[in-house]
Amino acid sequence: MKIKTSYAAILLSLAAMNTQAVEFVLTNSASGEDVGNWQVSNQSLGLSANTPFSVEKRRLHGGKQLGVDVLIVNNGELTITLVPTRGMGILKVERDGKRILGWDSPVKEVVNPAFIDLESRNGLGWLDGFNEMLVRCGYEWTGHPGVDDNGQLLSLHGRVQNTPASSVKVTIDDAAPHKITIEGEVSERTFKKAELVTLTKLEVTPGSNRFSLHDTLTNQADYDDEYQIIYHSNFGRPILEQGAKVIAAASEISPFNDYAKAGLKEWQTYLGPTKNFDEMVFNLKPIGDADGNSLAVLHNKNGSSGVALGYNVTQLPVLTLWKNTDTEQQGYVTGIEPGTSYAYNTKYQRPLGLVPTIKAGESKHFDVTYTVLRNNKEVSQAVNKVKEIQGQTPLKQLTQPLVDLSKAD
Amino acid sequence: MKIKTSYAAILLSLAAMNTQAVEFVLTNSASGEDVGNWQVSNQSLGLSANTPFSVEKRRLHGGKQLGVDVLIVNNGELTITLVPTRGMGILKVERDGKRILGWDSPVKEVVNPAFIDLESRNGLGWLDGFNEMLVRCGYEWTGHPGVDDNGQLLSLHGRVQNTPASSVKVTIDDAAPHKITIEGEVSERTFKKAELVTLTKLEVTPGSNRFSLHDTLTNQADYDDEYQIIYHSNFGRPILEQGAKVIAAASEISPFNDYAKAGLKEWQTYLGPTKNFDEMVFNLKPIGDADGNSLAVLHNKNGSSGVALGYNVTQLPVLTLWKNTDTEQQGYVTGIEPGTSYAYNTKYQRPLGLVPTIKAGESKHFDVTYTVLRNNKEVSQAVNKVKEIQGQTPLKQLTQPLVDLSKAD
Amino acid sequence: MKIKTSYAAILLSLAAMNTQAVEFVLTNSASGEDVGNWQVSNQSLGLSANTPFSVEKRRLHGGKQLGVDVLIVNNGELTITLVPTRGMGILKVERDGKRILGWDSPVKEVVNPAFIDLESRNGLGWLDGFNEMLVRCGYEWTGHPGVDDNGQLLSLHGRVQNTPASSVKVTIDDAAPHKITIEGEVSERTFKKAELVTLTKLEVTPGSNRFSLHDTLTNQADYDDEYQIIYHSNFGRPILEQGAKVIAAASEISPFNDYAKAGLKEWQTYLGPTKNFDEMVFNLKPIGDADGNSLAVLHNKNGSSGVALGYNVTQLPVLTLWKNTDTEQQGYVTGIEPGTSYAYNTKYQRPLGLVPTIKAGESKHFDVTYTVLRNNKEVSQAVNKVKEIQGQTPLKQLTQPLVDLSKAD
């Protein structure tokens, strides 16, 4: 009798689980299937949500967009455009019909990786497709191109962003607030070389000004492997402008190279579009709260608009700040980039201890939250949160780069 | 009252403009759209043209043609096949159901650039897809493969031909003779490297034996850039044959390399298919009329069939003559190639002053006209036109190549 | 009157030929056409075959499978999955709903060559897509990556497997046993470099446990060329296991490199999945019967399941045995690989006389038969056949590799 009751309870529990969420498999390479153009909304689901939402999958055309799918998640407050064909990257985030997160790259199309040769231009082929708000740089390697110690050219920022997602799944909670979850598996699989599989997960709640990534990298090989990841998060107009500011909880900052030395003191403020500026990169050692949670904030000059990046320093122990305040056409943009590693070539990061190992079968989790700051109050609150984490910890300024690239070959 | 009248006049004028032509957008990467297979004709437009015409867009299949679109323009006299997926190149031109312009390459398929790795074979990957009547070689660079002064491998003949068109538009004039215009935008966009956008335009009038290209290259970057272009125009059977002749208005000719020295004297006449001939290349300095308009003519042995290339020496100051009269299977073909530059690697052309600069925001225009010569009279007229331009200017024969490739690394 | 009769006879003969088989053209790059998803079966053909059969063409989706077609041939006994998009390779063979021939590669998707850059990772890009039971390695070159004598990097195992088939044709005999023939043309065509066209042909009879390949390589160029081919035939579970055995009629065996020396004595038996085993490769000189027909057999430990490869030593004079009994996730697999050549880079095989020439216009034929051995009796018969061919010929064991790779650059 007792057992019977338990059994019934389990069944009920399973039934409850079955109805907790509705799930749509949009793409699945294991079965070889894809739904094509597709859409769902609170209305089509019969949900009378207070905040309307929709998720749409659309095939793009024209130029190098041949065969590219985008996934447009509208939570009623934000419209997030993901690119399954480009490693589940985030192209842009819109609000009130205008882009709020993202930037204007010279690259206008959403480029199918089929048209990209990553090793071209001495390993700079990645630049042919770079225009997203979020690019994952990884996982076999993450940094600048160069020949690694084993003689192999490591192309800029790894391969994952130019890898089409093997599977894409949309899940919508039955119960309010009807959380929307987008899962996409991106696989770096090369016989004898890599079995690094990343289950990317984006979560967003209807009506919210925030969305979060919860990625799980698994080394499916029977051998330990190196890995690296940078969350290359890029922001241009409208947040970036002359006088815009970045605030990040950190204990150390240093120039990436000699050129960045000149900008070290003013690392927190931005120039307007500046001809011949090119890029200045700074390496930060971020700090977190008791749980390791850190925060970096970028906001516009008058503090009425911004973005906050939440991440955890136990997962992503370093932060790269990329200031590319060159001209508008050149791509006026800044990158706030938590990662396991800086942007140096892998061979320079091994001595720094920034090329971690993932054991055979092991999984690594990475959580990054993006909050759109919509007014002075939200910006202030986020800035105060950074200050709170910073507390009394001083920010040490190293005047010399961590790596002496002048000796690089 | 006067103003009112003017206003009305403007409205009328605008209305007239609106009805001057009917326009079809076939592909547009900005909106992510493409019409798919598509066709229009004088009949479908309700135009009782004296000369019937049609324009058809068709998706190819099979082998490396996966995803390739061709655009077939039939003006009643000529059938011109354009390849939007391959940089708006011209595959071939037919007349009376037979190819009149073009050649038989060992490459039989219309290859999707997705299958081409331009830097393969030490920069010769371009050869995997080369089979068109017109290939644009450019615009970042144009010549033979080699490592440039900055250490980057420049692959053969640049990237533009292996770049799918971002947009394709067909315009047909309402009024007779119902000129057909095909516009295709081809973009070379790489973050920090290039923003060279070319609006290619082909114009042809129903019933005409002539079509023309009017291309506009714009440097959309905020920085000046180098550029180079060669209109690699290739002709085999039926025009090319033993005894065929080329006539070009020019003031100087020189062999491209040591091998071509032996053919300098006979540069104007062609051999039949000749085993082990490989290719001989000659560099010409063309001359134009008072307006800079020059002409080159290729005709068959008895002068009953040919093609005339019109171009302007102020836009395209040099002319490459490529004689590839090897065997039929190897590709029996000649190239008559007006350009800003010869076919040397860029590093050899800078000292020759043949690597021009395009300023930030600047546009460069290139006009090339192809006329199919259908009988002895048309050939004679074209040859006479060349002689007229040549006038009393002697053709200086330089026996040594402009570049000493024997010293090349 | 006599002539008239003959003429009628010819007509009758032609009519008979026309009805001997039904033919379906699935893909044809010459006409630019493709049937899309497609299926035929004994039922749809109105054939009341004793053994049902079907052939299905299906487009895959997901990840790097974008645009990939598979062709699934079910003869009632075996289900053979071919991949037209990957050079007509054979992905796997199933029996009773389970894979019998093939293996579990870390590469899970059927990768479109558009996503592969063969020259990446110093010429190892081929590893991004390697997961088939049969990969053809050729035809311009076949072996390990390396810079050839002419300065060109030859990428691993050639280009043909990453070349989509230009045409695919299915033929089914009208008369019982209704032999099924799959023909696919795979073209390696590069201007001035190669015109190697292979008509692959797979034949299988409904109900049979055997299928065969009859490939014809033609050099369509006007010049002689080198060529190489390895039939890289790969088997994992269920046949491969600890104690599995390989038997091959051969007169000589040698280790491929120094590492393989240690496994020379035990070349016929297999380890179970073994960490850090990596791969051991052996070079065999096979022998055939009076007609040159040779046989190699792989069977499981208890001899109840296996596969026999029949090939002809006049066509394929060498045999590579690839023992990759590393861990399951790493790819537990062995390759039994008849070929014109071993797996060394081309430059090392020229001195061995293993880089044959194909004359201009010449064709070379290659026949390979795969027999699924379903029980101890079939395994025994196959093993006895190998012994019969071996006869009294001793197997000479060379302890040193044919090529001294320690001196390789």
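Read from first to last, the chains carry the letters A, B and C; within each, the first residue is number 1.
Just so we're on the same page, a residue touches a chain if its C-beta (ideal position, glycine included) is under 8 Å from a C-beta of that chain, and two chains touch if they have at least 3 such contacts.
Here the structure is a predicted model, which means the values were calculated and not measured.
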Trace the shortest chain of touching neighbours from subunit A to subunit C and give its length in steps. 1
Give the rotation angle, in degrees and rounded to the nearest 5, that superposes the C-alpha atoms of subunit A onto those of its identical copy subunit B. 120
Do the two copies subunit B and subunit C share over half of their interface residue numbers, or under half; same or different? different
Determine the centre-to-centre distance between subunit B and subunit C, using the mean Cα coordinates as centres, and give it in whole Å. 43
Would you please write down the residue numbers of subunit A that are in contact with two or more other chains? 67, 114, 117, 119
Per the contact definition, I'd like the list of subunit C residues that touch subunit B in the complex. 27-34, 67, 85, 113-114, 117-119, 151-153, 155, 163-167, 187, 189-195, 220-223, 360
Complex contact set, residues of subunit A against subunit B: 58, 60-67, 70, 105-109, 112, 114-115, 117, 119-122, 124, 127-128, 130-131, 275, 326-331
